[in-house]
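So, here come the structures, one by one.
Here chain A shows up in two complexes: once beside chain B, once beside chain C.
Let's look at the complex of A and B:
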């Protein structure tokens, strides 16, 4: 396997950053997040980032087109960002799979989302295997391998004193060839991942949920939710967006921004009718979407077991506990 | 359509018809005078005045060079639209949604039931059937509004449609009114009174009307698979991405807005 000594990783990233815009995980005021590579900054590779890398492909706010409206006339101009080639370095298995989920949403089923596609097509993913496992991590229970990310071009493995590299696609192979001069051949073998502390059995849950829309469990589960939407903002797979505009005089632009099905206005229609009027319906929709609707539509779960929502929910809403409740619930 | 489905093309409002005190029909072309796109009956368009907003509307009819949208004044965007004059440029994108199942409807007798502005999506199908008259059986239209002033598409209701071969049009208003010699009743009651035999039915209107129409049709022995309706949910993207309009695993903007009652009964009752 090709490898680099851990203390020399910067040499590789520096080289890469000349050819690509490289994103890496940093700790910023105590919050782990992906940001453009800067030579002098220390990387954060101990644990996964609190903020997922989804905003690299699907920014929190994104301008779509600008316009000029004067008198009767209107001009519309698309804001088509020409994306340079980029690399996301250090993506964990859970977050790599979330990008697979986003690909299903934005790139399949009749329409391609041009804004997403532009960034996605120009990005290489470099996975980072987990050895330490967080208290709220449960990706393994969701069918993922913490050391083998789905859909990455290159997988990085922890060899102790070195980082090892395994190409997963032709593009990953090219990367290794391109920077071969800073890599060396090693016989070291990867450190395994720790035992998972959090486990949950998800088998049969999507099918069972399709018969649980009217089940009393939703009343109980939703009771403590504050409707703050933190869970959906931290989630690497949540992808709902709102479309809005900004006007200044005759000019303005239209943009989209992250939205959340946990907000009451989300489904409120003109005239005031709201199909999901209380938090019971909204919490139900969130779990149904992740664990059942998405499976029906795209054939995979919309939860990767990253554990962010349960780690940060102010009232300890825990999706694994909800899954257990669903498992135990009686249905006719 | 634009290569980027979320970015509208430039359109121009070439004609505005005042239907009722708060509904106007807007005829929209491209700035080059062409039809913005060719929708199927029952499909939708996103119309925008980017300064005011963007919203989804049923395409109620179309001509060789334009689309028609009937729009009720209820809020910010629709308020702004009701202010503009002919010649105003706008943004338009689409067509969205599945549209009515034309192949299935071919050769059948059809009952159309509408209430208020809910006639807008149904009208696209009625007009299609009239243009291709030989392909469809007998046609009946039952339409009602609160008052005479609230009846939309009066020219179609009272002049154009009654002249069509094998087509019967029944209009009603909720309460008696001076000068109105037609029927007075709520739409669901009128449908029952007219005593139709079960046939393929297309209905759209306010939720409360739909609810009672469906009950009436069930009493009259209509088959769930033959009762077709169109749904409304809040929409932002129109292309199944923004997540806004889901009912269960379906998106109304993509998999709807047209559903049979049989399909609806299999979905979570969350609309």
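Let's look at the complex of A and C:
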């Protein structure tokens, strides 16, 4: 396997950053997030980031087009698509799988989202294997391997004193060839991941849920929810957005921005009717979407077990506990 | 705390089985071990779920807003800060005192769950920021008090030091500081939704027509949202620190809230919010001799 001594990783990233826009995990005010590589900054590779990398592909606020309307004249200008080649370095297995989920949403089933596609196609993913497993991590229960990410071009493995690299795609091979001069062959073997503290059995849950729309469990589960959007905004797979615009005089632009099914106005219609009037319906929707609807449509769960919602929900809503409740629930 | 937990369960059992209350709001053990979560108990069998430990951060008074439809009385457990939240909601006519059975718990100060992450039971864990200069650890309103009253003690200075630092800054520097903070805001609204002072039926930020606040995430709108909120809860904020605890990106919201509280106390000689439900809030009334130092 090709490897680099841990203390020389910066040399590799610096080289890469000349050819690509490289995103790496940093700790900012105690919050882990992906940000453009800066030589002098210390990387955060101990644990997963709190903010998921999804905004690299699907920014929280994204301008779509500009317009100018004067009298009967209308001019529309597409907002320049970003074409720069980029590398996301250090993505964990849970987050790599979340990108696979987003690909399904934005690129499959006959509609391609140009904004997402453009960024996605120009991005190489470099996975980072987990050895330390967080208290709230449960990717393994969702069928993922914390050391082998789905859909990455390169997988980085922790070899103790070195970082090892395994190419997963042709593009990954090319990357390794390109930076071969800073890498060396090693016989060291990867450190294993710790035992998971959090486990949950998810088999049968999607099918069972499809018969639980009117189940009393939702009343019980949703009671403590505050209806903020924290869980959905920290979630690497949540992808709802709202389109709005800003107009000033004759000019304006349209943009889209993250939205959340946990907000009361999310489903509020013109005229005031709201088909999801209380938090019961909203919480139900969140879990149904993750654990049932998405499985029906795309054949995979919309939860990767990253545990962010559980770690940060201010009322400790625990998706694994909800899954256990669903398993125990009696259904006619 | 084991003792308090036992007393909680006994009290809840007694209240529910005698039919005095229809529902008990309390805390139960969550996951991981350094989280305790709000829980709703309406059956005697479930009282064993109740706990009190160093991670019972949630101010349960917020849930009183959801309970208008509960048939019968509601019992809830309150720490010092939470009890002021109850008074505030009574004062705002959101709930009636007669509908409540308030069980006070003198609070020894809680621990910081973020510091506990990755640690084990018994390890040394920092105190919760929200408790560091708590002035009222003993409930200010209750029907029953569990345990002995505790003295108010200073447990840290982080927020006060930040306020002192901010007060010394030039306006531009101060602007830079807060801009740096609110640039990080993801507009998840956890700070608003957990806040017992935020009890408007429809929040101005949720209003679609007219749209006072757009959904775009940018510094201008993030600041507009946070400053509006800070000013709106001024004189009503009960210093529970829940907004700051809930914030996933560690924005020091309490530096803003406490600064305003300090100013109100200094300018109007007011007592802190939520001590006396009969008294109008300083910014909710008008007097001819109100000071105008800040004008």
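Just so we're on the same page, the second predicted complex is superposed on the first by the 332 of 332 C-alpha atoms of A that agree within 3 Å, B and C clash if a C-alpha of one lies under 4 Å from a C-alpha of the other, contacts with A are read in each partner's own complex, and residues count from 1 in each chain.
Keep this in mind: a residue touches a chain if its C-beta (ideal position, glycine included) is under 8 Å from a C-beta of that chain, and two chains touch if they have at least 3 such contacts.
As the structure is a prediction and not an experimental result, all values here were calculated from the model.
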{"item": "When chain B and chain C are modelled together on chain A, clash or fit", "value": "fit"}
{"item": "Partner chain in contact with A:111 - chain B first, chain C second, else both or neither", "value": "first"}
{"item": "First, second, both or neither for A:268, with chain B first and chain C second", "value": "both"}
{"item": "Contacts of A:50 with chain B and chain C, given as first, second, both or neither", "value": "second"}
{"item": "From chain A, separation angle of chain B and chain C (C-alpha centres, steps of 10 degrees)", "value": "90"}
{"item": "First, second, both or neither for A:259, with chain B first and chain C second", "value": "both"}
{"item": "Contacts of A:32 with chain B and chain C, given as first, second, both or neither", "value": "neither"}
{"item": "Which of chain B and chain C A:143 touches, first, second, both or neither", "value": "neither"}
{"item": "Partner chain in contact with A:310 - chain B first, chain C second, else both or neither", "value": "second"}
{"item": "First (chain B), second (chain C), both or neither touched by A:234", "value": "second"}
{"item": "Partner chain(s) touched by A:321 [first = chain B, second = chain C, both, neither]", "value": "second"}
{"item": "Lowest C-alpha to C-alpha distance for chain C against chain B (Å)", "value": "8"}
{"item": "Common ground on chain A, meaning residues reached by chain C in one complex and by chain B in the other", "value": "242, 259, 268"}
{"item": "Chain A contact footprint on chain B (complex, rising order)", "value": "2-10, 48-51, 53-54, 74-75, 78, 85, 87-91, 207, 232-234, 236-237, 239-244, 246-250, 254, 268, 270-271"}
{"item": "Touching residues (chain side chain C, partner chain A) in the complex", "value": "30-32, 35-40, 58, 62-63, 66, 114, 117-118, 184, 186-190, 192-194, 206, 208, 214-218, 242, 245-246, 248-250"}
{"item": "Touching residues (chain side chain A, partner chain C) in the complex", "value": "28-31, 50-51, 60-61, 134-136, 197-198, 223-224, 226-230, 233-234, 242, 244, 246, 255, 257-260, 263-265, 268, 310-312, 314-318, 320-321"}
{"item": "Chain A residues touching chain B - in the complex, by the definition given at the top", "value": "64-65, 67, 69, 72-76, 78, 80, 105-106, 109-115, 213, 239-243, 245, 247, 252, 254, 256, 259, 261, 266-271, 273, 275-276, 281, 285, 288-289, 292-294, 296-297"}
